[in-house]
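The next block holds one structure in the form of structure tokens; read it before the comments.
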């Protein structure tokens, strides 16, 4: 049994980690850190988890990391790097924030606005897109979880860029994101009264921070700078990201390429040619569904990918990586079926 | 490993059974019956379950019950009794329909309109409200699952009626029911466009069929005829039943009575005095949360109970009963944490 | 053409007032006060009203009230009384807050926690439940809008209490309230992610402030102290209040009493006996629908009332009162049909 | 006062027409045709319109068209052409179906599957996109309402194609459509339980019928064949279409072109450069909001258009055209502000 700590346990990704670990056969939650809610019990912070036998929340300073085997960090970016810089240097860490995703510190500052203060840790961090960094993750000490939008887009596109089967200079990602991706922050446009009949694009024009990840990863795979267009939209649903990706390339070749790339992957399902997924197919699960459809215009193809932003897009992915880092079966605790309806 | 058949596998309760059994350590789905969709694969009927290794759907006639250890029947009422009458007489069955809930055939006809055609089976059926019929269920061949509304109301009220701590002639249940309780039937008032900003009472005035169960069970517990008032409301949410129960009795006594009754129950959580539950606390789980609050008027108390209609209210309850019938640990496959948000 | 000022123009009830006045033939918005957003244009504060020719927002101090014929005050309670105490003493005012609803200052302090600081204005204020205070409102200078829950409950009950056709000591109001009634405040339980699948009771046990209004009004009508039970529930919908009222009395007499009381009312629709309304029938309109159904238990009746909290429950009611105060046709600007779906 | 008939009065667009005409100063509903619900009153078919003084529903055969000044046809396609072929030849008609939108009968058959049976009427029909066919509509006898998706896309693109300021061979429309656009049809994917947490693309790859309109209109404007890519998505909201349009061209030029094209239009609002609209800004109104944002990639621009599918996308547009055909002020009955929240 491995001892687990979760820092930032009072947000949505923290709650999702606890939900998943509840069904894990060889992890035990030993410490829950949440500075703003330290002293509260789980039943107070998350009444839906009151049945669980987990410790009360404490400040991060109060945690004794000596008997912790792995620590999940579900803190906001910027805070995360400050905390992680001060943690034991041999502690295995899966960070869910954006702080260690970008390898180039200048790129980090460009997208996030602040200089990076944990450059040493940043150097050793492994990018946590499991399906493409599996070997590195197995040996990593610090893994940086992929952003939920960045994960969805990469699942749809990465093998296509790698194999060069699409026009690399004309890629459009139109994403429809459920609201839990915005976290538990109190903003007017996240209120039920405003969102439920008010969906809209945001960060239009290429200003969303996950573009930093797309640029880094797609360029690395292509061997030259790649820039995609990416427009996210806020949708009145709780969980789910649906990426509609417009590419130039042959639909059959694209389908074959994706099917081959994910043939052995336990969580990536490439649908039969011509089918497109719905977010209702993956909710609450660690699966990513990918569909490929030929457009009526020759040489144009639509790739649609769907995953749950809190599971495969964040906490599920983090647990998948933690399993690898601890030498546990990769799928352990993650094979739950989606919740439908 | 026990071999399981599910009849009526293409509805919501069928899908929920499959989801739950996917996480069960000692059950294997051997046959899926759905006459209207026979010949289709699971991926076609429920794309969200395409990762599961389960057989394609067949007609019920095609199923060989000789190697089935237990059969879940998730068919509509009336159909269910016809099918079950024709099944092997020694097959263990958990029926999720209303067909075997009422012990008096005349009561059945009064509430459901048709004469009962499986009177022999009806006689041996055990009422499936696990927490109150545990011993009978362990030895039962045929268990009749409690209705989702009837279960919610009984969890709130049954110990209070049994102990006589409330006025038995003045009980009001105001229920708020999520839409999946209406099943996958195609009706105008279940359309998103009509329901999402249109909630309303239905079966007002005491015409809802689950009243037959309330009458039967509460009268049995009280030892004399008991009639409650019960008004269900359709709410624009997918899963959940919230019962607001108005009783006359002392709040502290009521809280003590419920806390004592459920002290050892794994799925019933009585909240601290004065707290009331939300449906977000139990979604996707087998838990039922119960809160007790004293009204400002002396001698009046509000009991609020919440559960997931598809899990504890139907398929989760069915699995709990199946565990008992097969001699498996009662909680096996049912301890998953709620999905939040 | 009457010149109108709106104070607190940046909240939901302010926006609703502007929407309604946009369709009014003899009112012109002359000033919009909102201290926190002063200097902004309507297009910035409410993009959906950008087509309207209305002045930019200013601080309340900046408004010249000398050419204002009537002022709507859509400020939070406590702020409202402070502002109104300082306004010209001959300015006609419709206040939407709770500050002038309770005639007894001690009752105000009991329910709202702070002492009242505009006692002089409180004395002259008329309670704004139009259908029952029409003559007083016509001659009033200051009208205090009824709370949205209090209005719904009174429409269902007031004629019944006045005529003594129900048991006055056993009245239960179970209200289902859409989220816009909570205003634009930033609270976790109002987030889409938490509310959309998480409905719940709140202020359980008789602590909701609108009980002050029920107590005052029902006692006045009955000629003796009357206390009702009232439990509101937060529902995942934007607009609407559905009151399910449990009373003891004969259903036919109750229906007759309500039908007679509202026979000439333009906005109150008593449905045929046995029918119950849905919130989808009144959304965006100034109508209140009332249904009466006999329970299966003799002598028990359910009255269900539905209205739009922002229209008939707040800004529509305010405009109806303003029409009366200015000598305009009462229904002017208010006969728009509900928005469905 | 003009006498109006509405055929197909029991669907969503029929209800919306009645809602709008309720606020119109010079139209009176004289006949409501709905074969399947003939004999019912408005209160039975649409309880939310029970306050309106309108005739009961009749079969279309029963209507005396001799005193009808204009007839709205809100019937399903194919039925519509059959009915209209049999109506008086001098009756002014606004058809909301797809039957008379495509000028080429072969294109009609290609997209809709059946041969056209009202070829004579098809010849005289005027395409009802008011802002671009205003003069023709004024003199038309039969106007064919633009499809809701087709209208949204054309508002965003038509001036850009006409002026040639974008690459005409690389246009992508990604549409997010609320569910009322699918009408009141009973389909599983329109159920609240399936849609509310299950959004998805449909008609992927260029199979949606509104492409026939795009092809016809864009080619006519460009003077050569134009084909766009168009992927609609079903979103869990009731009203609204949000079109995210990806084009190649200079953002400032595009913004200037749209601003100039719509400078005098009462219902089309071009937002300040860099702003994008939300569906909450236009719900229940006849407005279309258009935003233009430059992408981070030079020469790429995103145009986002939002309108209410039932109002500007259908019934509001129809009323706007009817006003023109009858010589009434174009905006009469259509200047209501959006419903927010």
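Letters A, B, C and D mark the chains in the order given here, with residues in each chain numbered from 1 onward.
In this text, a residue touches a chain if its C-beta (ideal position, glycine included) is under 8 Å from a C-beta of that chain, and two chains touch if they have at least 3 such contacts.
Which chain is which protein? Per UniProt: A, B, C, D = N-acetyl-gamma-glutamyl-phosphate reductase.
What you see is a predicted model, and the numbers here were worked out from it, not measured in a lab.
At the far end from subunit A, in terms of centres built from Cα atoms, lies C. Counting C-beta pairs in contact, the pair that comes out ahead of the other among A-B and A-D is A-D. Remark: subunit A and subunit B have CA centroids separated by 36 Å (rounded to whole angstrom). Once the centre of each chain is set as its mean CA position, subunit A and subunit C turn out to be 45 Å apart.
Once the centre of each chain is set as its mean CA position, subunit A and subunit D turn out to be 39 Å apart.
Shared interface positions of subunit D, defined as residues touching 2 or more other chains, are 12, 180, 193, 196-197, 236-239, 277-278, 280-281, 283, 340-341.
Within the complex, the subunit D residues that touch subunit B are 12, 179-180, 182, 184, 186-188, 190-193, 195-197, 236-238.
Across the complex, subunit C meets subunit D through its residues 12, 15, 18-19, 22-23, 46-52, 180, 196-197, 238-239, 269, 271, 277-278, 280-285, 287, 289, 335-341. Contact residues on subunit C toward subunit B in their complex (touch as defined above): 170, 172, 174, 176, 178, 189, 193-194, 196-202, 204-207, 211, 227, 229, 231, 233, 235-240, 242, 244, 246, 274, 276-281, 283, 291, 293-297, 300, 302, 304, 306, 340-341.
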